[in-house]
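Once you scroll down, you'll see the structures, which are given as structure tokens.
What follows is subunit A paired twice: with subunit B in the first complex and subunit C in the second.
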Partner chain A sequence: MNIQTSQMLRQERQNKRFTDKQTQTAAKYLRRLIELPGEPEGIEPFYYALGRIYVKMQGLDLPQGTKTVGTYCVMAPQELIYAAGAVPVKLCSGNYTAFSIGEDIAPRDACPLVKAVAGFKQTGLMPVYEDCSLMVVPVTCDCKKKVAGMLGEMCDVMTMHVPATRGDDEIDEFVSQLYTFAERLEQATGNRITYKTLADGFAKVGYAQRELSEFIRLKKQNPYLIRGSHTMAIMNAAAYMPADRWAAALNRVNVSLRRRAAAGQTVTTKKLPRILLTGSPIVFPNLKIPLLIEEMGGIVAADETCMGERGMYDPPVITDDSFDGMIRALANRSLRPCPCPTFADNSQRLYRLKQLIADNHIQGVIYHVLRGCLVYDFEYKRIEEELGKLGIPVIRLESDYNEEDVEQLRIRIEAFIELIKLRQAPEKRTEVRTAF
Partner chain B sequence: MRKEIANIHSSVQRKAVTYQSEYIDTLNRLLGENEHLGELKFFLDTAYLWSNEKAKNHHKPEAVILGTGIPEELVIAAGAQPYWLTGGSFGSLAWSDDIVPRDTDPVSRSILGYICQPCGADFSDSLFIVPLSSDAMRKIAFELKVQGRSIVTIDIPPQRDDKNAKVIWQRQMQSMMRAVSQRTGVRVTRRAVLSAVQRVSRSRKALKDFLDVSRGRSDIITDSARLFVAGSYYLTDNIDSWTFRLQALTQRIYHLRMQMPFARNDRPCVLLMGSPVVFPNYKIPFLIRETGLEVLDFADQTAVKNSLICGTDMFIGSKARLIKTISSVSYMNDASPAFVNNLSLYRYVSALVQRGDIEGVVYHVLKGQIEYDFELERFERLFSAYGIPVFRLETDYQYQDVEQLRIRLEAFSEMLVHNRCREVKKAL
Partner chain C sequence: MGNYYIGLDGGSTYLKVALVGYGKVVDTLVRNTGIDNDGTARKLAAELCARNNLTPQDIGYIMATGYSRKVLEVADDDISEITAHAYGVRLTAPQGYRPGMIIDIGGQDSKIIYLDENGAVRNFSMNDKCAAGTGKFMEVIAQILETTIDKVGPLSLEATNPCDINSTCVVFAQSEVISLVARKYDRRDILAGMHLSMVRRMIKMMKKSEKGGDILMTGGGALNVGLHRAFEQELMRDVFVADFPQFNGAIGAALIASERG
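Moving on to the complex of A and B:
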């Protein structure tokens, strides 16, 4: 056997090991979601989408010939991608296996999300990455900036400069970036973006936003109609489904939730502490934190992460219905209301958190920091101080995609939930859970 | 209550002592190693006056620049002498420890520490110019704003080939000039811009001459002293006097070179690059010397900036044109890791490598400055093409890892010596 053949065999073995481990992890988390009681009717399409990408390791379920455009942040407007006849796919990953491969490529202190992205791209085994005609990387942090350069050596990448402030000049500059993005999309897809196709793009995403806003309204109800982990699965699936299909599936979930509300049927009769999850994104299959919260007797009543509601929460407001007006609306939507810590002054996030706390009757906040995600870590102190004034306890959980810290996290989350329960009026307290 | 106040006082004193002993130690060592060079004393005094708390109290800087990425010509033209905060002090970290997260890089922490230092310069009326070159800088800018300080943020477009990038940078430079001009009450004129460009260019030319003349002559001036002299530009409050003194130092070194034309070079020559080494934390250059290596060149953002000398073709045109040109030149040659691809640094390093006298590279990464780590791979490819070994050295401003670093550097030094012997054997 010559050296080349033995290297090929070795590579094949490595690939198989990667595929096996990757699918096992994803399948495990999917199973945990399915086994969690209280899932709403109509959630299956979301599980299917997640399973298709991570367990079956297939590309997006799309008609043949449809192009996909990979995005690494919610600031790349989906409307433009639909207008170019392509389908957006969020490529931020929460996969531990890819993360461990990425550790050999990216620096040790890079955040796990970036390592996972680098790992997937390096293996070349995930169709969802390999199928992309173009990848767009909005530069929101140092790691994303450098990973854009790294990806640029492997595939067609467009870097998008996200300004650190949100003045009128910055909005104008972002508008011109969106025009450049439109040009790049036209080149990648071979389709022209016209007024009509852009309006269609708005309609597609608008439908999803409308359903999402109804979903959020139903989710707010107290006692709860749906668990936070199921909500996270739904929100994560949005990354791998065309907006209209996702909206139609969400519509079915909303119908079932309305039915539950009418029948007074809630996911639990107990008064569980309502937790808000904020900080670094929680990306499938790394759902260990929401699952731990709900296993420990809390409920994720709201999440402020960018893989959650933030991605589609704010609709674009068109004040001028020309083509330029629509592009301007996208730029405004991407920058002005965004509570991403990429902005130097991110007081917006504090207002948003306070609003979420009030709307969802939040009793405690879990602040998730992915190891190496400095921008979120910087904002923790101020948020802790401000929420302390409101009497809301906050806990900072630092983690990565590794599963070895699960027990440690479990103890901390359990203690936090106990603390919230002790602060509740005695008649509202529930028994401590001992078995799951 | 009294006890509490006493505790606070003793903690402030402790921090001040660490800070003071750090810069005094560095200055003493530099002086001790280069005692025969009387001309060096001016630069040591400059650093002492900048660092000393008592002297600092008299400083009331109008424009404070964080980092070295801003073209100072524009600030000088607007009537302010820039006061640079470039970090570098382990002692100053103590004043920012409670404000920033644990993983923040030491440069940013040190800069913030200088600002929050209780007995440092008086920044109450200062305008802070903050280039948002990293995540930490972005958040420090906000922290300063929360503290009620006046700030001007400069966002750095990360992709130089983006058609709007230069325009965005130029617009921000103009806003910055307007803000400085409002603060100083000095109107920006064409003559002021021209004069500033000429003064800065003269300084850079003097620095270039100094670095060329002293290159490879560690028997006359040590590598750390060369680095220190280059860095003292950011500590002076009078660049004309600094330039004049540097010219005198260069002259002296030149004469010494003439007197001792042959220098025995038994130390392997290395390039020191990556995270910038900033006064007073000189543990890396000191260690390099102690382990038998010689730093031939330095390659970082500041070194690239110092190499930018404006030609006479830049001195023509209107005031607006001059400002635009200065902004463009500074942006297109900025070698900070704030870019997707740091081409400026790559070009600079490629040119250094092509000289053919670099035997090894010490790639310095400060903990938390992850961008340098990302860039390493590309540089490794470049160096491997020339057969130059690269040594990655990760550290922070603490002095506890010195012995560990020494062992690693000694091993690298031995390897380079061995490589040299092998080359000689091959030649024979």
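Moving on to the complex of A and C:
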């Protein structure tokens, strides 16, 4: 055997190890989701989408020849990508295996999300990354900036500037970014973005947003019709499904939830503490925190995270229905209501959290910080203070993309849930004891 | 219904049981955890009742805490150590203690719990990945110095010139201590150095922002006078020691039980 073949075989073995490990982790988290009691009818297409990408390791389920465009933040408008005849796919990663590879590429203090992205791109084994005709990286933090450069060496990347404030000048600047994005999309797909295709893009995403708002309305109910971990799976699956297909699947979940509501059926009859999950992104398969919360007897009644409900929450508002007016609507939607901590003044997030707390009868907030995610960590103090005034306890959970800290997280989460339970009237024992 | 409550604390090394009635600690018992956690717990509960002329009917509720809490089926419910310790200090804190920080030094972990002014848990930090700063650490060092864990504290108080021990890991600290012994350092100085090194490590775990209220030591580690003094020296403030420090978790569990029975 010559050196070349032996190196090739070695690489093949390495690749196989990566693939095996990666698929096992993803399959395990899918299984934990399925085993969690109370899943709604109609959730299967979402599991299928997650399983297809991470367990079967295939690309998106699309007709032959459909181009995909990778995005790394909700600020890159999906409407534009659909208008170019392509399908967006969110590439922010929660993958433990890719993270461990990325640790050798990115510096120690980089966040695990960026490390995982770098790891995936390095291995070149994930179709969902490799298939992309273009990647767009909105620069929302220093890590994203560097990952944009890193990805640029391997594929076609657009670095999208995100301003730190949201004045009119900054919106104008972002509008010009969107025009550049449109051009880059046309080059990458070979399709023209016209008034009509843009309107179609709006319609596609709009359909998904309508279904989402109905889903959020149903989810708000107390007692709950669905668990937060299942919601998380549904919201995460949106990253890997075309918007119209995702919306159609969500429609079926909504129908089943309405049926549950009408029949007075809830996930459980127990009074579980209602928890709001916020902070750094929670990306499949890194669902350890929502799963732990619900396995330890809490319920994630709402979330304020960018792979969760935030993603499609705000619809674009078109006041001028020219082409430029629609682009401006996208720019406004991406920046003005966004509660992302990339902005210098982010009072927006506080309002949003307070609204979620009121709407969902939240009793406690779990603040998730990915190690190295400075912007989210920065906001913790203020949020803890402000929510403290409302008498809402907040706990900060710092975590990484590995399972070594699960036991520590478990005890922290358990104690937090107990803290909320102890504020409620206790369940009393009535039987008389006869022996030990 | 019974007016007495039992708290079981299934720790890594010992199983502690506390009997609480009418808002007071009535009695406590401790036994090696052994293999059959639940069996030991049942025996201890029965023993505790017999000693105090009580029958099972008198026990309104049993609450378990500690590592093995999930297997203690004799208990009606279980609660995490954090909550149990926070409750425990309501009965064990000495007079004049204003709720603030609890330092719990157990057999195989140590934790710091921050309380608000009403004694509710606000936050906590734990060291449960390594044995530095735990009872196990003291035990290992005591063995090298040919003494026992109960003498470690008093001996260290006699030190004149505490040694520097910089390793934070038990295994490394062990070799560091062995080399100090080889260099003929006084074991009292070594012990004092060990306490200071443990304390400095624990202080690093403490949050700078959580400075309100007083500091209270619980857990078996609180029985060590040397450690207590080292904390006061390094923190430069009063450190209180709980009554029944070893039983703080069990007492807290019993107190929570009293809200359920």
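Just a few scattered comments:
In this section, the second predicted complex is superposed on the first by the 424 of 436 C-alpha atoms of A that agree within 3 Å, B and C clash if a C-alpha of one lies under 4 Å from a C-alpha of the other, contacts with A are read in each partner's own complex, and residues count from 1 in each chain.
As a convention for this text, contacts are C-beta pairs under 8 Å (C-beta built on N, C-alpha and C of every residue); 3 or more make two chains touch, one makes a residue touch a chain.
All figures in this text were calculated on a predicted structure; none of them were measured in a lab.
Once the two complexes are overlaid on the shared chain, A:Pro37 sits clear of subunit B and of subunit C alike.
In the superposition on chain A, A:Gly264 contacts neither subunit B nor subunit C. Applying the stated contact rule after C-alpha superposition, one finds that A:Leu419 touches subunit C and leaves subunit B untouched. Within the superposed three-chain model, A:Pro63 lies out of touch with both subunit B and subunit C [touch as defined at top]. In the superposed pair of complexes, A:Gln408 makes contact with subunit C only, with no contact to subunit B.
In the superposition on chain A, A:Ile395 contacts subunit C only, with no contact to subunit B. Comparing subunit C and subunit B on the residues of subunit A they touch gives the larger count to B. Contacts of A:Phe378 after superposition on the shared chain: subunit B is touched, whereas subunit C is not. Touched by subunit B in one complex and by subunit C in the other is not one residue of subunit A. The part of subunit B that touches subunit A in the complex is made up of residues 99-104, 132, 134-136, 138-139, 141-142, 145-146, 153, 155, 157-159, 162-165, 168, 171, 337-341, 367-368, 370-371, 373-376. Residues of subunit C touching subunit A in their complex: 1-2, 42, 45-46, 56-57, 59-61, 74, 76, 79-83, 120-124, 126, 128-129, 256, 259-261.
Those residues of subunit A whose C-beta lies close enough to touch subunit B in the complex are 106-110, 139, 141-143, 145-150, 152, 159, 161, 163-165, 169-170, 173, 176-177, 180, 341-346, 372, 374-375, 377-382.
Residue ranges on subunit A touching subunit C, taken from their complex, read 393, 395, 407-408, 411-412, 414-415, 418-419, 422, 426-430, 432-436.
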